[in-house]
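Just below is one structure, and these are the notes that go with it.
First chain written, first letter: the chains are A, B, C and D, and each begins at residue 1.
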Amino acid sequence: MPSIEHNYKFLFMMTKFSLRHLRRFVFNNLQNHDYESHLSRLLNFFLIFLIIANVLAVMLESIDSIYFAHKKLFDLFETVSIALFTIEYLLRLWCVAEEHPDQPAWKTRLQWFSSGGAIIDLLAILPAYLNFIVPIDLRFLRILRLLRLLKLTRYFVSLQILLAVIEREKGSFQAVVFILLIMIVMAAGGIYVVENKAQPGVFSSIPEAMWWAVVTLTTVGYGDVTPVTNIGKLLGAVITILGVGLAALPAGILATGLANELSLRNQKLAQEFRNLLISNQIDYLNETKEIEKIRKRIGLSKEQTNEVIMQLIREKDLEEQEQQKKAFKYCPHCGEKLPEA
Amino acid sequence: MPSIEHNYKFLFMMTKFSLRHLRRFVFNNLQNHDYESHLSRLLNFFLIFLIIANVLAVMLESIDSIYFAHKKLFDLFETVSIALFTIEYLLRLWCVAEEHPDQPAWKTRLQWFSSGGAIIDLLAILPAYLNFIVPIDLRFLRILRLLRLLKLTRYFVSLQILLAVIEREKGSFQAVVFILLIMIVMAAGGIYVVENKAQPGVFSSIPEAMWWAVVTLTTVGYGDVTPVTNIGKLLGAVITILGVGLAALPAGILATGLANELSLRNQKLAQEFRNLLISNQIDYLNETKEIEKIRKRIGLSKEQTNEVIMQLIREKDLEEQEQQKKAFKYCPHCGEKLPEA
Amino acid sequence: MPSIEHNYKFLFMMTKFSLRHLRRFVFNNLQNHDYESHLSRLLNFFLIFLIIANVLAVMLESIDSIYFAHKKLFDLFETVSIALFTIEYLLRLWCVAEEHPDQPAWKTRLQWFSSGGAIIDLLAILPAYLNFIVPIDLRFLRILRLLRLLKLTRYFVSLQILLAVIEREKGSFQAVVFILLIMIVMAAGGIYVVENKAQPGVFSSIPEAMWWAVVTLTTVGYGDVTPVTNIGKLLGAVITILGVGLAALPAGILATGLANELSLRNQKLAQEFRNLLISNQIDYLNETKEIEKIRKRIGLSKEQTNEVIMQLIREKDLEEQEQQKKAFKYCPHCGEKLPEA
Amino acid sequence: MPSIEHNYKFLFMMTKFSLRHLRRFVFNNLQNHDYESHLSRLLNFFLIFLIIANVLAVMLESIDSIYFAHKKLFDLFETVSIALFTIEYLLRLWCVAEEHPDQPAWKTRLQWFSSGGAIIDLLAILPAYLNFIVPIDLRFLRILRLLRLLKLTRYFVSLQILLAVIEREKGSFQAVVFILLIMIVMAAGGIYVVENKAQPGVFSSIPEAMWWAVVTLTTVGYGDVTPVTNIGKLLGAVITILGVGLAALPAGILATGLANELSLRNQKLAQEFRNLLISNQIDYLNETKEIEKIRKRIGLSKEQTNEVIMQLIREKDLEEQEQQKKAFKYCPHCGEKLPEA
């Protein structure tokens, strides 16, 4: 006859088991990118919707007439949003332990806590709580709430690729920004000397002249500050012609880097599929689920994945043909026809 | 002695046969890109001319002095144009069945009806007919008539290539537009906070400030709205320098994508010619018609096609030389000289 | 004893011979790019100087105070310039016959007459002579004289490369300009509808609105015409974001095309040198003159030529090593180390 | 017993030896890029800090209210800076002799003296000394002091890469700037003719109109000068559309050139490592110091170097595998799987 103690022990184990089960369930639906169910999709859509609604609310609140007319509604929406984002944050912190079941939970949680995504999540809720302790200027609080927009990066693969490229090419960007800064300072110094007497109000100092330099070298050209003397216009023209290429340079670097990154990921994906194919672990014509998993992990669009698979199918056909005929008709490397021996 | 019934039957068949014949004739001259005759070229030029004349008419109509002086002429031209475009649309819908003679006509027609080109054709005439049912504001009707301009895309191969590149690189564009939107919202929020007190009229709310952000980040820089405080100028400078590369990014992506697409099409064309050559189906030095067909299907300019053909001729010469001498002097793959054995 | 007749004949032949000699001399110094002497260099520098002086004169003449103070000097300079450019043109037309000595002189001259360079040369002098017949407005005549600037293209290799790239990529440019035109017309139509009531003076018609569309889509953004209504600003923002990438596209296409063109010319140069090397016609370490000739014909900078030569020297060394050792250590094609058999 | 003379001789030799030692020490810590110690790092950081502080001081001095309040402090800081930069310059000139110990010191010093870096160093101090002889306008002196900013180029590898690319692509830049100048002159001439009557004040001469042309073709578009006539707007639109691609071209050239330069340096680095590996001089998994030396000489970031090393390790593994199995499984050149014999 089981004792009460035994019953408690059983209950405790059951609870622990079901907690584990629950944590796995939450992890899969909230955090796991390789898992996809109706619930996880619904959850993602709801969170994306909530973020966008928050940003729209911040924008509308800044229009006084709308804000004062619907103050209570806005405040309610903000309170509910904070609550939901806080729950999301805590759930993620709790369930993330499932990611590496073989290492202690606190370690995985700490790793996640210091990751970029988690910091963005924290930034999205922290200002609201800080406001309880230190009252923050309402307008400033609004921009801090705009940071919630960054939470969207989690849901866009192509955005992550772009950020990866920016990260990898940061050396070039550093050089460009540095040259741009040198040019801005030099241009400001030059224009200050030649225009200071003609327009003492506008070009009163080098820092003031830097506003003109930035506006000109980035080709924005508001026209609120322009040189009026002949020598000032000549200097302005020379600076503009020399500097105009520089401002567009980061775009060129990014574009080249993006093209390289995409072709690199294509190769990586193809290699993974190839390895799986060689070891006969996957029949890529049918196992769409497995392919979808790999595709997401590597971060490629469906069209690109299909191209890679089509290439692999062609290669396999070629290989089979070769095995049967025991003689090459085409070079297996570059695809050119080989002359018959 | 043939009965009357037999006569009717014969007449019916004759009509059917001649209708088929007529449909083929219309299809070839209006719709078939692989077919080229004096009539088809004339028809294409007339349609291009009609589209451009329509757009010019819409422009001139918007100038009140011209419109009221020649109102009747404009109205007549519009009526005739609508009639012609409607006939064109119906003829295309009817004759397109010839494209896939092996599947039922309604299926081919439905496919065409839901294609991009057909939707543009419909958009070109629909507003005019809608205007009978629901009267549309004249000015708004005019822009809808400007949509006829899109009908021109059918006639420019290089335009279709560009659209194909945009379609393929849409992932990157999505990322860029998304980052641009985030930057616009953030920049608007920031400038709203720092400039709101100095210029309450201009930066009255975040949506208002977004106009400044868009104008600045795209480097348009009208100058109708500019920061005036020092901190506003500093923030504006930082935003401009960070964001300036982003606005030009789509151009870089498009340029890289365009170069890749063109080299891809070159390879595709070369492969098709090569296959036809191996199977001895084509003597590409003489059969210009066949070449022209393939060229149009893939969508390359005549110059590019000629380059591909010249390359193939060189390769063939090499091959023939090899067969005679039974020993390679150059690597058939990369074209480098091989050392003699 | 030689008769008088004989003397005349001899004199005629001498004259003919010396004329031939003179024509060759003029051709070499004025027209022949492969020939280089102190005189030809001096002549080129003088002509470049004369062109630049002409352009500067046109600019200065447009400043009334300077023009009226030195009218006689300007008129004299113009007369002398016209005379010199006319002599240059006639000399080129005469001596160009030396280019293809094996075909009749008139044929070579006609070919040159209808070439781009000759048309530019003619445009540089024609307006001055036309002015004798039909008096041209002085201001308009001035810009026509600015066309002399185009004569400089003859002297810059890198400019000819850029023009060749523009010529080859003209299909892409056509597409871009075409899309840009469609966008301009559409944007103008849209902004005309939404802004016409608020700013009837500025957006009075679609052609008027096109000025705004061009200024915005090319990111020039003067600010003389801007949307003021909220819906106008929204439309303006959407148009700007969509269109901003397009305006910078030609630059991207040009840059990619330029890189391809340069690598193509490098390969061409290397192939020519290689062929000359194989046939033992040239010892490229010493015959700098011959190299210089080839370099100019192909149109490469000295640095690039040196790189190609260094590569060839390395290759030759490799070949010699191979002949001695009778076994490859490196793949002669890709330069990778080969494993020993 | 050593004579006094002998003592002097000994002292002289000791001094000479210790001077040599000192010069080596100074060279290593100040000038030698391959040497790294706590002192050299501290020295570099101090010099970077001093340069930035100088530039900030120049900026602040240009604000009258700050300058007159702290005049003495600014003057003191300038005097100290001049002293420090002068000492730095003299020390570099002295110790640079250690760079090539096998050639006479004056020769190495002359080479350094005429190098780009030394000229920048001299430009940083020369104006201050010139001011003693010829008094220079204070404002002009300030910009000359801004030249000290260029001293920073010494410390940024990515900046040197960018400058190398600009140097190598200078042919293309020359062509672009040349075409841009032609377009500016032509556009100015055209707009001058059509707008001169409507706006005689703004478009009074071609040089005046060139300001508009520069501002428009570089897409800066201040809006201080815009065409107002219809024909002027049409001409402006055509010029803008044609020219807009050109202004962004240098960016495209730079971006492509930068990508090429980086891949070139990668190959160079890999080649050097490979050579060292073959001659068994280096075990690149451990000898981090040696790697660091090569990395700095070629000018690559640490991440890029690591990528190259990882690639080499993979290659070595492949080679070892090959030597054991005596048969290739993958093509050693392109990495594709080879069919079994």
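Note that in this section contacts are C-beta pairs under 8 Å (C-beta built on N, C-alpha and C of every residue); 3 or more make two chains touch, one makes a residue touch a chain.
Just so we're on the same page, UniProt names per chain: A, B, C, D = Ion transport domain-containing protein.
This is a predicted model, so every value here is computed, not measured.
Peer 1: Between B-D and A-B, which chain pair is linked by the larger number of C-beta contacts?
Peer 2: Contact tally favours A-B.
Peer 1: Taking all residue numbers at the chain A/chain D interface, are over half used by both copies (same) or under half (different)?
Peer 2: different
Peer 1: If every chain is reduced to the average of its C-alpha atoms, which one ends up farthest from chain D?
Peer 2: B
Peer 1: Averaged over CA atoms, how far is the centre of chain B from the centre of chain D? Could you give it in whole Å?
Peer 2: Those two chain centres are 45 Å apart.
Peer 1: Could you tell me the distance, in whole angstrom, between the mean C-alpha positions of chain A and chain B?
Peer 2: 31
Peer 1: Out of chain D, which residues touch more than one other chain, so two or more?
Peer 2: Only 176, 219-223, 247-249, 251-253, 255-256, 334 qualify.
Peer 1: Residue numbers of chain A touching chain D in their complex, please.
Peer 2: Contact set of chain A toward chain D: 168, 171-172, 174-176, 178-179, 182, 185-186, 189-190, 192-193, 196, 204-207, 216, 219-223, 226, 233, 236-237, 240-241, 244-249, 251-253, 255-257, 260, 319, 322, 328, 332-333.
Peer 1: Per the contact definition, I'd like the list of chain A residues that touch chain B in the complex.
Peer 2: Checking each residue of chain A against chain B gives 55, 58-60, 62-64, 139-140, 142-143, 146, 149-150, 152, 156-159, 161-162, 176-177, 180, 210-211, 214-215, 218-224, 247-256, 258-259, 262, 301, 303, 331, 333-334, 336-339.
Peer 1: Which chain B residues qualify as touching chain D in the complex?
Peer 2: Chain B reaches chain D through residues 219-223, 248, 251-252, 255.
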